[in-house]
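In the two complexes below, subunit A is the common chain; its partner is subunit B in one and subunit C in the other.
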Partner chain A sequence: MPDVPVLDLVGSGARVVFRRELKAYFLSPIAYVFGALFLAVLLWQAAAATIVDGAPASMQPFFAYLPWLFLLFLPGLTMRLWAEERKLGTIELLLTFPVEARQVVMGKFLAVMVFLGCMLLLTLGLPLTLGAYGRLDWPATLGSYLASLLYASSYVAVGMFWSSMTRDQIIALLASIVSLALLFLLGVPQIVEGMFAGAPAWLQDLLNGLSPYKYFQSIARGVFDTRDFVYFACFCGFFLYANTLVLQVRRQQKG
Partner chain B sequence: MIEVERLEKTYGFARALRGISFSVQNGEVLGFLGPNGAGKSTTMKILTGYLLPTGGRASVDGLDVVERSLEVRRRIGYLPESTPLYADMRVDDYLRFCAEIRGVPRSRRKAQVARAVERCRLERVTGKNIVELSKGYKQRVGLAQAIVHEPPVLILDEPTSGLDPNQIVEVRKLIAELGEQHTVILSTHYLQEVEKSCTRVVIVHQGEIVADGTQQQLVAQQPSGGVLLTVRGPEQAVLSQLRELLPADVPVAVTARDGDRVHYRVAVDRQNAPVDEALARLVVKNGWDLLELRREAATLEDVFRNLTLRAQQEAVGA
Partner chain C sequence: MKSQPTACRARAAGYVLPVALHVLLVLLVLAQVVYLASRYRLRIDLTADQEATTTASTRGLLDRLGSRLVLEAYFSPKEDLPVQWRAAREVADNFLDELVQLGAGKVVLRRFDPNADKDTADKARRLGIEAQDLRSSSATSLSVDLHWQGVRLLLGNGKQEVVSMFVPTSPAMAEALLTPKLKEVMTAKRPRVGFMEWPAPAIGRQQPGGVGWQFVRGLDAVKRRYDLQNFKDVDGALLPDDLDKLVLFRPNELTDRQKYVIDQFLVRGGTLVVFADAAEYAIGPQRLFTSIPLAIDANGSQQQFVRQLEHYGIEWRPLLVADLAPPAMRAASASAPFEYFAVPATTTTGVRTLVGKNYPYFFHACNHDWRDDADELARGVDGKVDAALAAQYREAFAPGMPADDFLFRAYKKIDRGPGFYWPTSVGLRHRAGGKLDLPSGVEGRVLLWSSPLSLVETAPQRVDPIGRDPLQYSHEYERFLRSMAERLAAAQRVQVPLMAEVRGRFVSYFAGMERPLRPSEAAAVKPGEAAPSPGVPPPDAPQPTVIAEERAMLVEGERAGRVIIVGDSTFLRDDVIRGDYAQVGGPVSGNIGSTFFANLLDWISDDADLVELQSHAPTDRKLTLLDARSGRSADPLEVEQRLRSKTAVLVAVNVVAPCGALLLAGLVVWFVRRNQKREFLLSLDRVTRAAEVAR
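And now, the complex of A and B:
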């Protein structure tokens, strides 16, 4: 086992946790109901907006809906990750397996991301249809898909963090939705200007710059800036690290 | 194999462990006894690396449980209290998962899972979801999970609580078998369990060790052990004669009446031991029939009650 913490993040322990969690998602009826609902609402809404007679083929409306659906759907996926383990007591076994806590965190995170990736793959029917009947800008569409995945990763990291704070899944869900909604609002410059009208411009920029939504839009627009990718890596890294810290701190207490 | 030195754990203001020390030799089956909240689970959670101690140290196989937690965890099979399991998994999937995450190499995984299944007699349910199993089977899955990587040390937190009497007998038999190949620490409320399965007993109370030794040692230290006497004769006369014979501070009581036989208990302790003969002579001299005269045998239960209740009364008195 290498001693450099970053290298073993996807080590064997993380892989075993990842496989178990992913299987749990694919076997859980709740995930299917949630997933079906997500796809139904998304495709119905987006199809109505994208497939317009005479208009140029565009996936823009689809990617405009996505952040809103993520806001409800992703906290629903992540709420169980730690809260359920604590409620059932299985966390005591999980954290006494010979695996570092950070690997367990990483395994769970990647499992949600892959499940979500599968959901997004299922939406490819929409751009394929559009592409068949009109001229679709494929590079921009695929760029937007990538942006969506990165954007989702930030939501998953926040949702997992809240799940680690409580044994009540509903509290995890609500805390995630509220905090993610706030982050989303910070991503809209007009709202920041309105809410912090008296604040200096640099502070407004800073608050705006905290929001994943800003970087999502930037990548979805088709502008690939390394800084946007670095932002998502830092954002996820921060919350996943915080998640590991919560687990560590709890070892000092009652568990 | 396991060394615990002045281990302390504080939760906020509550001191769950007040510096306990004990050691477990290779091959021992240690019974960890104590009332609820005595600190049994806390000790086990520290040994398995789930909690960090506030003070003192503990080691397994010479490895510190804090500094070298991962290596320690590899050597331990752990069954936490109330047997948490992933209810949505199949038994065989779950055991494979446990073997894999504990680093059992792929080449040996299948064989070791099969062996754990066989030792815990789970053959009939391997294809079932854990949620469908009875409590006894769930407990056996918990034990199978703990032994699947063939660890030298087993830590079992109340392995039989909540089972019905038949299941308890089965799980105990299983633990006895496991004790032949592993060093075991098991905590329990059931004294019979310790009497049946353990080679040594540690009694904890309010975060401190109040007794440590083999069962025989602990029972031998026990000061109590009254004399039980069954006499056929007039009850009042017998009682007054007994009181006359014995020192004033030795209580005499009638414990049962069975026709014309009366059972008495004379609560002497070991210090004023040679009363047996005097009692016998007294009864015979008065012309009553002496039907039984024997020493009460102290049990582990007496030891337990004495140590934990006395400490409680002292605490209340102070």
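And now, the complex of A and C:
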């Protein structure tokens, strides 16, 4: 059978890691508490803003709060992914398994994404309520959910990278929050202009173009643009690649 | 020999350069990929209303471009724009680029910066493009700059249109600003539409000539595309042969001569639109409904206009229609209850507001198939459905908006037709027994129907539902509604036609009769003398009257004519469409009415160029937490309380249910894990004890 890189990425090695990580999430009561807290904050804010008689049946407020909550919650979810393995010393064991570093990274990444997907599925009650009392634009709403997953994936990739760089979970958490906040702020043109007042317009545009938030807003409008998908693929790909590189270097150092 | 950490450090240092190079290369490749992806994009608009997609209107117009269209964009540089304007600039730039692409070589975009040189700025000003004084601030300075963002559309034949400020916040807005201009620039000559109007006397305000229909004719969307000319000639001259569209705004005191002019226009193959009313009410600044006498036929008129229309196949019953179905009386927007009838109220928080009240004489046709309600309407007081009656209803009832013509497309999106005020019944001619009875060679259809909960009355017993004493408002309103409900209970369930159309080759209503004389001809005839033959001045007149030659009566035309009759004219009347009564609680037809008129002109002109754009209106997506019956008929304060509690319940359910489910699952997992752990420890304990026993 020819060696197909994509299949290889989610090959048996990745599958084993994926299952192990997912099991760890779903068998940990802490994850449930964490998820419930995330949902409570998000849904409380969003439901109060959307369920208003006479207002349009729209999930816009929900998707406006989501990036802020991702900024606070996702680093918490990713900080332990590598830092804990390093702290407990299980990373040495993991690296001795006959799996590629990229498969381990993909397994962990997909596990976080599935966990997040489940959290987002639990918010479907809100669009269903809006759909029952008004005419919700379902295709655009589902598009926005997909945009949220893509956006979350970029945050997870960054969070995983920082987690792989340190054995201290708090440092990983803080580094993730700071870098993600910076990326988030770069997505708001007014802030870019304020932060880089003297910079030429092309540089401001370039900085603005680096932010996943800009592309999230684009898809969340309900317009699928290949540019946005390519951006997310490249952004996640880069940070997952950097993560793999860190592991490989570490493996070689140990070797 | 090197120590272990030193060896590690050396090995790590050896990785740094290749790894850094590797990362840099990957970054460069990815940046290139993202750049290429932003250049060659594929977009799919998932929104149900296709908000980000250029409509068929724009694409159709560009396809039909006969000569080159130059788009001159007078834009000041983007980097000088304040940040809040940049998003609009991006939308504008994208849309203009899209037009160039869709134009397939026939559309050229030229960009000018009026801030770069004075000549360009002067030219932009001459064209009517307005510069905005905008403050732009940075960390170190605050300046006031001139910003330009206007577009000139210049067609090869020299015709041009200008959008003075092109600041769209969405692609749909960009299209709404530019495409009508494109249509205007491509329209060689504005089609001529004749009209006659009979304004009502103004009550409580100064409006020279009375309250008419001037505002709707003066709307930009109408006057820039149609040449509306008044043909209400005092001397009743026949209409010119090249006029093929005529609109009558509330015909009143029609003379026989005017009826003859209309008849000849129709027989010749013209399209006649009649906005009819059976009763006239002035509203006034304090919203005191005052009845104004209205007579369709002039004093001394021999022919009745109602009979004349019946001759063409239109049955106009000059009666008033009321519709008591709650969805028919509900205003389009909760934030604008003054579309129909609203009264001031104070909320529990002490805020003064307007609350919509059902007023059955103000309503719209609903985009609803009333046959579906046959069982419900045939339900007796005992709760049982009369099957025979239900079957009869299913046979007789029709959808409220049965036609699929583009005129109704935008309205169907909001599930309702234009709002009518004290409308009248206008349908198709029927024989006794209810069978359709159209003249030979004429076909017709009803375009709008009221709901089956309608009443048809000669004159309303009471027009003002709340009276004039503010302390008695509630009491009076209850009495009014009770009286209407009692009358409805006693009446049969019928739908009333509100708009109808007939078309075909008409035979003159005046066939076999003497042609009605023009006033100038009548004045020239001496008392006791016979009328002169048409067009010939009396031979012995003291002062010879010059009377234009008039062609002989056309008894049967060669081309098909068309009559469209709408059972209301008030919704287009200046005071109602302009929003004069918004502060006192309505009625205000506003955009809903004006759009109908603009679309109707397109429809009778068979001009579907802007239909897609006009029906690009977003679907009504507002949330209705309380159903119509419980939400609209009750006391506003009670409704507010119910709304508040329902909102609280829905919010709580949406938050508690998923969080609770997740916590419950977590609890189950915790219990299972604890038991597993306990069992494991017990088994360990057992093994230890067994080992001890064995020892």
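By definition in this document, the second predicted complex is superposed on the first by the 243 of 255 C-alpha atoms of A that agree within 3 Å, B and C clash if a C-alpha of one lies under 4 Å from a C-alpha of the other, contacts with A are read in each partner's own complex, and residues count from 1 in each chain.
To be clear about the criterion, contacts are C-beta pairs under 8 Å (C-beta built on N, C-alpha and C of every residue); 3 or more make two chains touch, one makes a residue touch a chain.
Quantities reported herein were computed from a predicted structural model and do not represent experimental measurements.
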Next item on the list: Quick one: classify A:W138 as touching subunit B (first), subunit C (second), both or neither.
Entry: second
Next item on the list: Return first, second, both or neither, reflecting whether A:A47 touches subunit B, subunit C, both chains, or no partner chain.
Entry: second
Check: Is A:L27 in contact with subunit B, with subunit C, with both, or with neither (first, second, both, neither)?
Finding: both
Next item on the list: Look at A:P56 in the shared chain and tell me whether it touches subunit B only, subunit C only, both, or neither; answer first, second, both or neither.
Entry: second
Next item on the list: Check whether A:P98 is in contact with subunit B, with subunit C, with both or with neither, and answer first, second, both or neither.
Entry: first
Margin query: Which chain, subunit B or subunit C, ends up touching more residues of subunit A in the combined arrangement?
Written below: C
Note to self: Going by the contact rule set out at the top, does A:Q252 touch subunit B (first), subunit C (second), both, or neither?
What the structure shows: both
Notebook entry, point to check: On subunit A, what residues does subunit B touch that subunit C touches as well?
Noted result: 27-28, 252-253
Checklist line | Touching residues on subunit C, where the partner in the complex is subunit A | finding: 8, 11-12, 15, 19, 22-23, 26-27, 30, 33-34, 37-38, 40-49, 51-52, 78-79, 83-84, 86-87, 138-140, 333-335, 619-626, 643, 647, 650-651, 653-655, 657-659, 661-663, 665-667, 669-670, 673
Margin query: Show me the residue ranges of subunit B that touch subunit A in the complex, using the header's touch definition.
Written below: 11-12, 45, 48-52, 70-71, 73-74, 76, 78, 80-82, 84-89, 93, 97-98, 100-103, 145
Note to self: For a test of understanding, state which residues of subunit A touch subunit C in their complex under the given definition.
What the structure shows: 26-29, 31-33, 35-36, 39-40, 43-44, 47-48, 51-58, 122-123, 125-126, 129-130, 133-140, 142-143, 189-190, 193-194, 197-198, 200-201, 221-227, 230-231, 234, 237-238, 241-242, 245, 249, 252-253
Item checked: Footprint of subunit B on subunit A - complex, ascending -> 1, 12-13, 16-17, 20, 23-24, 27-28, 88-93, 95-100, 251-255
